[in-house]
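Several structures are given next for inspection.
Both complexes shown next keep subunit A, but they swap its partner, so subunit B is in the first and subunit C is in the second.
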Partner chain A sequence: MKIIGLIAVFLCGCLLVYGASDFPGWGDPSSPASTHVSPYYIETTMEFTHVPNIVTSVLADYRGYDTMYETTVIFGAGIACFLLLRVVKKKDPVSRLYRHKATGITLRIKKGGKIPDKSNAFERIDSEWVPYDLIIQISCRLLVPLIQIFALYVIAHGHYSPGGGFQGGVILAASIILIAISYDLRSALKIMSERASAFLSAIGVFIYAGTGALCLLLGANFLDYAALDSLLGSGMVMARSHGILIVEIGVGIAVMAVMICLYYNLSSEGKQDEGL
Partner chain B sequence: MNQHLPAIIVTVPLLSAFVITAAGWLNKKLCFPIAIAALGVSLYCSISLLISVASGKIIIYNLGGWAPPWGISYTVDPLNCLVLVAVASVAFINIIATKKNVEEEYPDKIGAFYTLYVLFATGLIGIVITGDAFNLYVLLEIAALTGYALLGMGSRRAPLASLNYIFLGTIGACFYLLGVGYLYIATGSLNMKDLSAILPAIYHSKTILFAFIICLTGLFIKMALFPMHAWLPNAYTYASSPATSLIAPLTTKVMVYAMLRITLDVFTPQYSFGTIGISHSIVWIAIIAIIMGSLMALAQRGLKKMLSYIIVAEVGYMVGGLWLGNRAGITGSILHIINDAAMTLCLFLAVGNIIYKTKTDSFDDLKGLLKKMPLTMGAFILGGLSIIGVPPTCGFFSKWYLISGGLAAGHYAFVAALLFSSLVNVVLFFRIIEIGFFEPFKEHVSGHHECITDQIAGNRIMIEEAPAGMVIPLVIVAGFLIFLGLMTGNIVTSIIQFAIPAGIS
Partner chain C sequence: MEDVISFVISKYNYWCYIVLLMIGLYAMIVKNNLVKKIIGMNIFQTAIILFYVSISVKKEGTLPTIIIDPVTGTHTARAADYINPLPHVLMLTAIVVSVATLGIALALAIKIYKEYDTLEEDEIFAQIRKK
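Right, the complex of A and B next:
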C-alpha cells in the first residue's frame, strides 16, 4: 500500500512539473503576474494610500477584505480550540503541591486536604515540573518588556518596513507565553486571564470588521478607508493610511489573544490548571 | 442602503460572531438572540437580492471601493442568488429548530458554538457571493475550519471522524489554492470576470489545463464525490445533531455551486465541456457515485449514516447533471442544489428530533415511532418522498430535469443510474416506514404470545413529540418541500434560465 501511495505521489509530482513547463520564466518582468495588476499597485500606492511598503498597502487596503477574513480564520481557530478542548468542570487532582516561598520546602496536600493557610507564604506549583529556577525566571522577565516593545514597533512600522499586525501579534503573544514557560501556566493566567484573551481576540477582529462597517455607515463601500476622512479630517489619502494602521492594530490584538488562548488550551489539555 | 446589501449580507453575521463571543462570557442567554438576529438580517438581504436580480440583472459591489481586478468585488447574478437564499434560510431555520438541542449538548459552551455557527454561515455565504477566486479560498477556509470544529463535538468517535475530514478537507482546499496559483501565474489576475476575459486567448497553455484540473479535483474532494467521499459519512454521523443538520445540507451543495462557477463562468462551457474532453468520464464517475452511494446507504442500520450515503449519491446527481453539458442537465443541477439543501435539512432535522427523544438513531429503535412522534415522522417521510422523487415534492422536478438532460445528451446510463437510485430510495424509506408503523405486528413469526404483548404495547403508545420549538420549524421545512416543487416553473423561468450561459442549448 505504501509503495502504491509513493508511486501515485511520484506520478502526480511528474504531472505537476509537466504542467509547469509552460510557466513564464523565473523573475521574468514581462510575465502576466508582473504586467497585469502589479504595476497599478506599485504606481498608485503612494498616491492613494501614502504607504511606501506595497505589501502592506495590498494586504490591508487593496485586498484588505481578504485579510479581514484571514484574521477571522485565526479567531475561528481560537474558538474552535476552545470548543473542542476546554474542560469547564474542574476535576480535582489527586494531590497538590505547594512551596513555602521563604524556605523552598515543598508540601504535598492530599485529596480533601486544605491549603496550609491563606497567607502569601505558600505558592502552588505544578505536580510534574517543579525545579524552582530563579535565574531563568528573572532573565525571562527581563526579556518580556523588550519583546513587547519590539512587537509594538513591528505593528506600528508595517507601513514602512516588513511587519504588521500578524507578525507583531505573534511576538506580543510570545512574551506572555515566555512567562507561562519560565514560571508556570497560573502565573501567565494572572497576567492575562482566559476571559481577557477571549475578549481581546473578539475585540481585535471587531476593530477590523468594525472599521469596515464604519466606512459603510459613512456612506462609502465596506472597508473604503477614504470615508474615514470625515472623522479624522486628514484628507482621503492619509485617511487610508490611518485606516490601515487601525486595522493592523486590530489584527495585532486578535492574533496575540488567539495565540495565547491556543497555548493555554493546548498546553493544559483544556484544563487551564497545570501545563508545561 | 440598498446598494450595500451584498456587503451587509456577509458582514452582519461576521460582526455578530465577535459580539456572541463576548456575550458568551457575560450573559449566555444573549448568544442565541444575537445569532438569530444576524442570520435574520442575512436572510432578509438574500431575499432582497434575489428579487432585484430576478430577470437577469447583475449586481457588482467593490469592496474597499477598489475596482476589479485590483480590488475584490462581489457579484450577485442569477447563478448565485438562489444559492444565497438557500444558505441563509437553512442557517436561519436550523438555528431556531435546534435551540433546545444546543442548550443541552453544549451547556457551558453556547457562546463558542453560536460563534462558530454564524462564522460557518458567513463563510458559506461569502463563498457563494464572491467574484474573486482567491477570496473564495479564504472563505472556504473559514467555512471548513468552523465546520471541523462543529463536527468534532458529538459522540466519542466524532473527534477522529472530524480529524479525517480535516486531512482530506485540507488536501482539497490546497488543491484549489494551487489551481488558483496556476491561474495567477498564467494571467496575473484573481478576479473571476477578469479571468474569464483573459483566459480564452491562452486556452492552449498547459498551465491553464492543469489549473482547471487541480481546481476541480480540490472541489471534488470538498464536495465528497465518490471515490473522494470517505470523510463524509463518519463525520456527519458521529457529530451532534445541531451541527449535522447545519453542515450536511450546505457544505456539499455550496461546493457544487463553486464547481458550477468555475466551469461555466471562469472558464467557458465550450472549454469545460468541449475542448478538454473530460465531461464524458466525469459523468461516468457521477454514475458510479450515484450507484455506490445508494448501495452503501442500503447497507446501513442507522438513520444518520444512511442519510450521509444518500448525500454521496445526491452529489453524483448534481455533478452528472452539470457535466452532461446541456441546458436541461444544468438546470436540473442548479435546481437540485436548492432542493437537496431543503430535503437534507428536513431529513436531518427530523432525525435530530428522533435522537432528541429516543437518544438513538438505529433502525431497531424506530418501532412504533410513527404513532409516538407523528409530526416528526410525517416530515421525515415527506423528505423521503422528495428524495425518491414523488410529485409534487421538489425532488421530483429536479430529477425530471436531470433525466431529460440525460436523454437529450443520449447518456442513458446516467438516466438508468438516476432511476436505480430512486428505486433504492424507495426501498430505504419504505423500510423505515415499515419499521416505524408495522413492526410490532411482524413479531408473529417469533411467537404468538409475544405478539399480543407487543400489540398491546403498540396500542398504548402515547404521543410523545419533541418540543414545539423543534417540531414547528421542521413542519415548515416539510411544507416548503412541496412549495418549492410547485414553484419550480417560476424559479426556472425567472432565474435559472438566465444563469446558464447563452451558448448552451
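Right, the complex of A and C next:
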C-alpha cells in the first residue's frame, strides 16, 4: 500500500510540475488571473461602494451570494457537529468530584449519592482534575476583554484595513474558548450557554439573508444594498458601505457562535459536562 | 543551465505548493491513523490556499486597500498598483470551509472511536469484517 501510494503521489507531483511550467512567473502583473475581472474590482470599488479594502467589498458586495452560502456552510457544519456528537439523554456519570473551597478537601460522590447543594462552599471539579493555576487563570481573565475589543475592532474596521466578519468572529470565539481552556467547560457554558450559541449562529445567518431579502422588499435585486438608501438616507454609495457592515456583523456573529458550538461538542464528546 | 535556474527561481511558489500538496496527498492515501489522515487533508487544503494567494502577487503592487491621499482626500485606483484581491476573497472562504470540514471530520473521528475503540483503519476494518 505504501509503495502504491508513494508512486501515485509521485506521479501526481510530476503532473503538477509539468503543469506549472506553463504557469505565469512569480509576481507577473500580466498573468491571466490579474487581467480579466480583478482590475474592474480595483478600479470601481471606491466609486460603487466607498470601501477602500477591496477584499471586503468583493467579499460582501460583488460576490455577496458566495459569502452568504459560505455562512450557511458554517452554520451547517455547526448543526452537523451537534447532531453527530450531542448526547441528549443525560446519563449519570459514575462518580463526581466536589471540592470544599475552604479546606481543599475533595469529595468523590458515587453514582446515586447525594450531591452537595448549590452553595458556595463546594465547587464541582472535573474528574481528570489538575489543580488550578492561579497565574494562568488571572492572566487569561485579564486577556479576555482585550481580545474581545480587538475582535470588535477587526469586524468594525474591515472596511479600511484587513479584517471583517470571518476574522473578527473567530477572534471573539477564541476569547470564550480561552475561558474554557483556562478554567473549565462549565465556566464557559455559564458565560455563553449552548442554547445561546445555537441561537446566535442562526441569528447571524438570518441577518445576512434578511438584509438581502430587505433589499428585495425595497424593490431592488437580492443583496443589492443600494436599495437600503431609502431607509438609511445616506446616498446609494454609502448605503452599499453600510450594507456591507451589517452583513459583516451577521457573519461575525454566525462564525463566533459556530466556532464555540464546535468547541463545546468536540472537547466534551457531546456531553457538555466535563471537557478540556 | 542558466535557463533552468531562472526557470526554477521564477516559479518557486509553485514548487512550495506542489511539495505541500504531495505531503498532504501522501498522508491521506497511506497513513493508517484517521487523525493523521485529517491532518493530511488540512495540509492539502493549505497547499491550495498557498497556491491561490501566490498567484495574486503582482510585482510592485501593494495590499488591496485603496490608498487615499490624506491631504486632498482623493485616490487613484490603478489596477497595476494593487495586488489581485480576488484570490484573497476566494481563499478567505476556503479557509472557512476547511475549518468546517475539520470540525465535521473530528466529530466523525470521535464517533468512530466511541464505536470501535480505535482510530487505526486496519483494526476498524477487521472489526467490521468480524461482525
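The rule is simple: the second predicted complex is superposed on the first by the 274 of 276 C-alpha atoms of A that agree within 3 Å, B and C clash if a C-alpha of one lies under 4 Å from a C-alpha of the other, contacts with A are read in each partner's own complex, and residues count from 1 in each chain.
One rule holds in what follows: a contact is a pair of C-beta atoms (placed from the backbone, for glycine too) under 8 Å apart; a residue touches a chain by one contact, two chains touch by 3 or more.
Only a predicted model underlies this, so the values are computations on that prediction, with no experimental measurement involved.
After superposition onto subunit A, the partners subunit B and subunit C occupy separate space and fit alongside each other. In the overlay built on the shared chain, the residue A:161 is in contact with subunit C alone; subunit B does not reach it. Looking at the shared chain after the overlay, A:2 reaches subunit C, while subunit B stays out of its contact range. Legend: residue contacts after superposition of the two complexes on their common chain; A:136 is shown touching neither subunit B nor subunit C.
Of the two partner chains placed around the shared chain by superposition, subunit B and subunit C are both touched by A:84. Shared-chain residue A:43: touches subunit C; no touch with subunit B. By the document's definition of touching, both partners, subunit B and subunit C, reach A:76.
After overlaying the two complexes on the shared chain, residue contacts for A:149 are found with neither subunit B nor subunit C. When both complexes are overlaid on chain A, the residue A:13 reaches subunit C alone and has no touch with subunit B. Shared-chain residue A:269: touches subunit C; no touch with subunit B. For the pair subunit B and subunit C, the least inter-chain C-alpha distance in the overlaid model is 6 Å. Note: residues 16, 20-21, 23-24, 31, 33-34, 37-38, 41, 63, 66, 70, 73, 76-77, 80, 84 of subunit A belong to the subunit B contact set and to the subunit C contact set alike, using the contact criterion stated above.
By the touch criterion stated above, subunit A contacts subunit B in their complex at residues 15-16, 18-24, 31-38, 40-41, 61-66, 69-70, 72-73, 75-77, 79-80, 82-84, 86, 88-89, 195, 198-199, 201-203, 205-206, 209-210, 212-213, 216, 220-226. Residues of subunit C touching subunit A in their complex: 7, 10-15, 18-19, 21-22, 25-26, 29-30, 54-61, 63-68, 75, 77-80, 82-89, 92-93, 95-97, 99-101, 103-104, 106-108, 110-111, 114. The residues of subunit B lying in touch with subunit A in their complex are 4, 7-8, 11, 14-15, 17-19, 21-22, 24-25, 61-66, 69-72, 106, 108-109, 112-113, 115-116, 119, 122, 126, 134-135, 138-139, 141-142, 145-146, 148-150, 152-153, 159, 182, 184-189, 198, 205-207, 209-210.
Looking at the complex, you find that subunit A touches subunit C at residues 1-2, 5-6, 8-10, 12-13, 16-17, 20-21, 23-29, 31, 33-34, 37-39, 41-46, 52-55, 58-59, 63, 66-67, 70, 73-74, 76-78, 80-81, 84-85, 160-162, 164, 166, 255, 259, 262, 265-266, 269-270.
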